[in-house]
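The next part holds the structures, each set out as structure tokens.
There are two complexes below, and they share subunit A, which is joined by subunit B in the first and by subunit C in the second.
The block that comes next holds the complex of A and B.
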């Protein structure tokens, strides 16, 4: 079965794809921290920050439709949080945009800023995973000092999440094929619990088989990999550009923030 | 020269007390291609696990003359490569390269040697261009070939394969037959597919209810209609038999 992998563009070739995964990860991490720490009434500043990930997506030849589709997929979680803001903060504020101005509430402002920050940081994250192979990202994280155990677990998660999704689809399909009528909430919940249980048992089974496969190939608890990462001049140039962009914007908006 | 595999009166019970293997005595010479045939639940997979030292029973198991003990398990697993039934269980690393390199790295080889072994193994199975792909991007046939490459990169003397033809279409099955038939290693293949077994094996061991029912020349055993049907199997088609 084929899945719409979030990293399906990571195997393309572009100047962004060729950058070292560690550099991209550090830039995205700092960028996310900077965007999150922006004050609550800074929509126009947020729009300036969005230029960064937007440029990366364009240079990395990642279709914007793909990026926004994935942002939409995870948006319900943030939407709940953002839309609750106008309910508890009704302090009136005047919003001005060029010659136009109108009355709104601080809650609505906060709502739009939360959504804006979410979109901008998600764009950066999608730009990272769409231009970096997951294996390179893991190697990069390992070289940055993340615990090996965490790296191994992330590797397994990436490898088996699709196998698990496949199995869940098969179970659901088998259920649908024999589902002739609605059995009522109680019975449906019971069936759902049995399906989750089946998935769980099969996952344990798979884990045992993987353990055998690892031991059969000499695994004794220590993890060995061949690291292929190397910082080149283009990585330093990217780091410098990203730092200038973030610093420049900070200096530009500093008077506004004060 | 010791036999590739030697089992002497090996018996094994599952934790619930069910007898899985009973008094198995089997010798496999180096270079032989043995088909372990039998119906579902005959004990074929369990016997392969016993050969790789994954289950402990009564009796003796020797791999290339080396008795399976905790202290020489690492050596045993360098001598014997074990390919599981489901390639998704065998391919657990983020990329095919990492997966094929996993064994050689655990053997303590130098990075350059590892790279050479990975390249050789992938070339042998026809996946040289796919090294950087994650396993979930491969087709069923490619996954099976990749699983074999993970074993080949360790250059074992003996390879055990559990139902390697499962889920393969005829073209991929034929490719696999060509690949396995061309390998110089001792092969022990557990399968219920008689056409597949007939196309590769020179020796067959029929297993049912945890016991060896027949052992000998593959052509002779697999063409015995009565023996095969009695144990829920079938004789291979004429085309497959002609390859024997």
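The block that comes next holds the complex of A and C.
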């Protein structure tokens, strides 16, 4: 039920993995909001905020290389927009960092702040997702009030995404084995449409089979799980640590570093 | 066009999250009335299908190296009906955020609105308007094409609007909007082409799928559809004109909204005596500013000292954080190493 390439770390065991998914989700959500609301001009404070998700990643035994590769993978859109900032905002500023001080522009500051915030919030999100099983996360989200239909939909989607991606890989390999050159738009489009179409038809058939199998086993539209969510002492401890980390940074470091 | 956390301000993010949650709740309630539990598996697998279909890419002729793939919102809306289609695409966006980290947690509201709710409904309505009447395959194709282009452009229009309201980017609103519209015109055309081609394939292989046999088909009166479209157009148009006239770009919006950060842009803040006073106050007494905007005007040694001190503070902050991270990493590593020989 999980794919080797995407969420392999959420099935490990560590103090972070054992925490309640609701607590983790809420902490990451609030952390993201706090980081986003930081002023758009102070770069160095982001480094302090990065300590939090970094600690969770390390405690959760998530390889840092994996996390940073993932961040790099999803960065293009933000990267383009961030790099466009220096083009439009050329207010000169002097940046001082330790013994060094150099002339720069406000646009570059904005660019780096956007990128810094991106890295920090993505680290937090990766820390959440790769230390929580998706099914636990869904149970937690349902308890937090997401519509049941959406939870069931997400559960199904997650179960079959890897099956269908495997199928798509098979189809792609078949095409790659048979096509030697680019055939021009019309032929390529026709081939792609046939690939997507056959995938579609097979998906519908699979859905029908699954539905029959589930009806036979008494599926009535509600989802029963064995995992029980309970807020334990360690969850409260985590909540307390996270809250004091964010509050401490907000009250102590922010006024100094800004 | 996944929106990222960093391009949004917290009020915009929270607002869009609330709108998306309310919309999605409404859609779920509506869908619950139409869809029985034996269709849950179909909807789930359709969501997984979107991911798989996005992997099927094909070469675009004009630009070597670029390849197109489909998004699938309109295809699903046509096949499953708008409510189920919107739920499926929303779940796709949520999974993209949570598992593939595409788009941030706070930007999820924006992404659900831009990529799921708006394209599904708008695309479905447009498709329905074109295809009502005697059915012919040409009508189906024109309807699907139009639906794809307009639905994707509508979603793409919302991205710069949300970014401009947040005022994080320095890019002028109009430039951003034109770029997004241009890029997504291409995306929409590719999406339309492949949707039409898939529909043509399905009509040959499984004509029942394209006709009305699948669940969630909503019979819409022409009037209701037209009213929805008009309301949507008015909202978008009003939002655009408001942004275009009131604030030529997102930057000025931010200055108008943020007198608490006066040293942001001297050209604007100088106009207002109050802000200028605050600026002066801040430049004199602010506790070690991270950088100084008025660098070109700074000549006094005292202020340079302050600047240098600020540099050292920020250096200390970064170095301290770096050392903390290194300590955490080393400790964890040592602990783990100790444990492995025991095990």
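The rule is simple: the second predicted complex is superposed on the first by the 240 of 258 C-alpha atoms of A that agree within 3 Å, B and C clash if a C-alpha of one lies under 4 Å from a C-alpha of the other, contacts with A are read in each partner's own complex, and residues count from 1 in each chain.
Simple rule for what comes next: contacts are C-beta pairs under 8 Å (C-beta built on N, C-alpha and C of every residue); 3 or more make two chains touch, one makes a residue touch a chain.
Everything quoted here is computed from the prediction, not taken from an experiment.
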Query: Just subunit B (first), just subunit C (second), both, or neither: which does A:206 touch?
result: both
(message) With both complexes superposed on chain A, which partner does A:26 reach: first (subunit B), second (subunit C), both or neither?
(response) neither
In this superposition, the partner of subunit A with more touched residues, subunit B or subunit C, is C
Checklist entry - Who does A:70 touch here: subunit B (first), subunit C (second), both, or neither? => result second
Tell me which partner A:11 touches in the superposition: subunit B (first), subunit C (second), both or neither. first
Touching A:185, do we find subunit B (first), subunit C (second), both, or neither? second
- Classify the contacts of A:133 with the two partner chains as first (subunit B alone), second (subunit C alone), both, or neither. first
First (subunit B), second (subunit C), both or neither touched by A:217
first
What is the contact status of A:229 with respect to subunit B (first) and subunit C (second): first, second, both, or neither? neither
Interface residues of subunit A shared by subunit B and subunit C, listed 134, 155-156, 158-160, 163, 206, 210, 214-215, 219-220
Contacts from subunit A onto subunit C in the complex sit at residues 6-7, 28-29, 32-33, 35-37, 39-45, 47-48, 50-51, 54-55, 58-59, 61, 64, 70-71, 74, 77-78, 81-82, 84-89, 91-101, 103, 106-107, 109-110, 114-115, 117-118, 121-122, 125-126, 129, 134, 137, 147-150, 152-161, 163-165, 167-169, 171-172, 182, 184-185, 188-201, 203-204, 206-208, 210-211, 214-215, 219-221, 253, 255-258
Touching subunit A in the complex, subunit B uses residues 49, 52, 54, 74, 77-78, 81-82, 84, 86, 88-95, 98, 101-103, 105-107, 111, 114-115, 132-136, 150-151, 154
Touching subunit B in the complex, subunit A uses residues 3, 11, 133-135, 138, 155-156, 158-160, 162-163, 206, 209-210, 212-220, 224-226
Per the touch rule above, subunit C residues touching subunit A in the complex are 1-2, 4-10, 13-14, 24-25, 28-29, 31-32, 35-49, 51-53, 55-61, 70, 87-88, 90-92, 94-95, 97-102, 104-106, 163, 168-172, 193-194, 197-198, 200-202, 205-206, 209, 251, 261, 264-266, 286-293, 295-296, 298, 307-308, 310-315, 317-322, 324-325, 328-329, 332, 336
